[in-house]
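Structures incoming, each one as structure tokens.
In the two assemblies presented below, subunit A is common to both, partnered first by subunit B and then by subunit C.
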Partner chain A sequence: MDPYAALIQPFVEFGFMRRALVACLALSVGSGPVGVLLVLRRMSLVGDALSHAVLPGAALGFMVAGLSLVVMSLGGFIAGLVVAILSGLVARVTPQREDASFAAFYLISLALGVLIVSTHGSNIDLMHILFGTILAVDDASLLLVVSIATLTLLALAVIGRGLIVECFDPGFLRAVGGHGAVVHFVFLTLVVMNLVAGFHALGTLMAVGLMMLPAVAARFWAGEVAPLVAASSAIAFASGYAGLLLSYHAALPSGPAIILVAGGVYVVSVVAGPRGGLWARFMPRRHLEA
Partner chain B sequence: MRRLIGISRAAEETRFGRAVSPLGGGVAAQFIWAVPIAALLWVAAAWAMGWLS
Partner chain C sequence: MTAAFSLHDVTLGYDRHPAVHHLTGSFATGSLTAVVGPNGSGKTTLLKGLTGHLAPLDGRLERNGLRQSDIAYLPQQAEIDRSFPISVMDTVLLGHWRAIGLFGAVTRAQRRQAEEALLAVGLDGFGRRPIASLSAGQFQRVLFARMLLQDCPVILLDEPFTSIDARTSADLLRVVVGWHGEGRTIIAVLHDLDQVRENFPDTLVIAREPVAWGATADVLRAEYLFQARQMAEGWDDGAEVCRRGVA
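And now, the complex of A and B:
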């Protein structure tokens, strides 16, 4: 097979492959920076918890309006936000840490969501919501995903510096009059929005995959925030592109193929990454000689 | 705008304040990378949806 037929032709020939590719690009651009900030803020598992928290809202939207893009997205967004607010509230008014309250609320949400879909829909509907279908992304879904990526970029341009300062030195942010709580809430809103975007393509179970795997892999290649964001977005898009091709040529389900490619990049990064990777750590370079 | 992002001018003039500003400028400088990327994304979306053909 010639390289054009293998690497480019599927996207030229088929509209659904083009839309899936651009959906991956939008997810990479939006979720890349958000994932890096989650890692820097030591909130990697919060992203996972919030992705499951989207489920009952999407399920309620499904119950009310069937597989309606707008209603399911709105429901997922509200449910994710409610879980984020409740978890933050419990962490602030009780001695419990935020990660523990997130774990509790996301489990309740997940069970509630599966219960709603199971009692009001078929197994196929449940599979669609849990695992998504990136190859079935239509124009409306694509517009939603691209709009969310655009909003994320613009919001990060406004609050990015406050977020980064809060990651490394929250005391400094307070000392210079920054509003850490507001910044944190806007950031959690961005996380939920990007998870709603990811949910349409990859389902609630794997929506967080293109957010976290590239971000944690990028940590082995870059040490500063801007290169980290660039590396994370690049890894996410490359994983999306390679995963789509793998799915097309090998007739595999596209969502898991994309996430598995991102997982492969992570494993390679752990082994070969120059910043703390196993190779750099256990195979020291020779000392310079005079 | 400075109040919005929560960093005062005095803080911006410290070493740390400058370090967290990728382009070393004000808030407007942050949009220099965000707007073109967003614009490219919309062009890609238009291509995918067949609006460019």
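And now, the complex of A and C:
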């Protein structure tokens, strides 16, 4: 097979492959910075918790309106947001830490979701909620995913400074009256929005994959916030592109193929990344003069 | 003389248990006060009460027109993530928060002020370094540079010189004395009594209960320090409700 047929032709030939690729690009642009900020805020697992929290809302939306993009997205968004707000509230007004309150509320939400899904029979369409189908992304979903990516970038441009200070020195932000709580909730809203965008393509189970794997892999390549975001988005898009090709040529399901490629990039980064990777650790170069 | 903070029978604490018990007095505007006492004597709690982060359980604490943004507060280092990927310069520039807020751009003049502040704390040329590469002492200098930019009339310092070498603490003490010369109100929690005697006109000795408060020479006396050391540690779950001041 020549390189053109292997790397480019599938996208030229099939509209669904092109739409999937654009969806991956939009997801990468939006989720890249959100994932990096989650990692920097030591909230890597919060993304995971919220992705489970989206389930009952999406399932309820499906029950009410069938496979309707708008209703399912809205349901998922509301369910994720409720979990985020309740967890944040408990963490701020009681001594309990946020990771603990998140664990509690996402489990409640997940159980509700499973309850709804299982009492309403084994509808094959429900598989769509859990596993997504990036190859079935239609124009409406694509528009939603791209809008969310755009909104994410705009919102991050507005709250970026507050967000960084809130992670690095929350006491200072409090002392100067910098509205840390508002910034935090806007950020959690962005996380939920991006997970909703991701679940159309990758399903609620794996939506978080394209958010977190590139972000944690990027930590081995870049140090400061801006390069981290760039690296994370680049890794996410490269994983999307390679994963789509892999699923096309090897007839594999696309969602797991994409996330597994991202996982492969992570493993390579752990081994070969110049910032703290195993290679740099075990093959140290000679020390400098000062 | 006006007071920056006036306390009337203030009790501060957690979960109804007092950490600062029935404190009355005032911090005069422009005063330089050391707060001295054993561990667990309520020094940090007092500072949190003064900043407004902790509401008094009882009594009245007046800030006499000070807004939250007029008070610069240097906590003990615990809350800051020193592995965060941010440069020294960006950290110091945060001192301009009142001017730049969430969105404002940093002007060239503000950047120059930040460079001057770094020079003043002995970190000339460190601007581009990530904070993760700094030692504890260097990082404390960065926080002082940030406070220089904050330019607040009131400055609260919680053990600013603990675990820092003599030269660094001497340099930073010079900054504190400079602030005093500019008429700012400074309250610092300290452990080095010689340092207090030499540099701080006023002292509050506290051991949950106030022990002595006034001119340093009158307050840092053996009998008061001994009394402070006798403080009962800890927190009695079965403690009675305090009736003091309730006729």
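Note that in this section the second predicted complex is superposed on the first by the 280 of 290 C-alpha atoms of A that agree within 3 Å, B and C clash if a C-alpha of one lies under 4 Å from a C-alpha of the other, contacts with A are read in each partner's own complex, and residues count from 1 in each chain.
Here, a residue touches a chain if its C-beta (ideal position, glycine included) is under 8 Å from a C-beta of that chain, and two chains touch if they have at least 3 such contacts.
Predicted model, so just to flag it, every value in this text is computed and none were measured.
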item: Touched partner set for A:Pro170, first subunit B, second subunit C, both or neither; value: second
item: Which superposed partner A:Leu40 touches (first subunit B, second subunit C, both, neither); value: second
item: Which superposed partner A:Leu142 touches (first subunit B, second subunit C, both, neither); value: first
item: Partner chain in contact with A:Leu60 - subunit B first, subunit C second, else both or neither; value: neither
item: Comparing the two partners subunit B and subunit C, which touches a greater set of residues in subunit A; value: B
item: Touched partner set for A:Ile159, first subunit B, second subunit C, both or neither; value: both
item: Partner chain in contact with A:Val225 - subunit B first, subunit C second, else both or neither; value: both
item: Partner chain in contact with A:Ile259 - subunit B first, subunit C second, else both or neither; value: neither
item: Where subunit A meets both subunit C and subunit B, residue numbers; value: 158-159, 161-162, 164-165, 169, 172, 176-179, 183, 225
item: Complex contacts: residues of subunit B adjacent to subunit A; value: 1, 4-8, 10-11, 16-17, 20-22, 27, 30-31, 33-35, 37-38, 41-42, 44-45, 47-50
item: Touch list for subunit C against partner subunit A, complex; value: 51, 53, 68-69, 71-73, 75, 79-81, 84-87, 91, 94, 97-98, 101-103, 130, 150
item: Residues on subunit A engaged by subunit B in the complex (per definition of touch); value: 15, 18-19, 21-22, 25-26, 29, 139, 142-143, 146, 149-150, 153-154, 156-162, 164-165, 169, 172-173, 176-180, 182-183, 225-226
item: Residue numbers on subunit A that touch subunit C, as the complex places them; value: 40, 158-159, 161-162, 164-165, 167-172, 174-179, 183, 223-225, 228
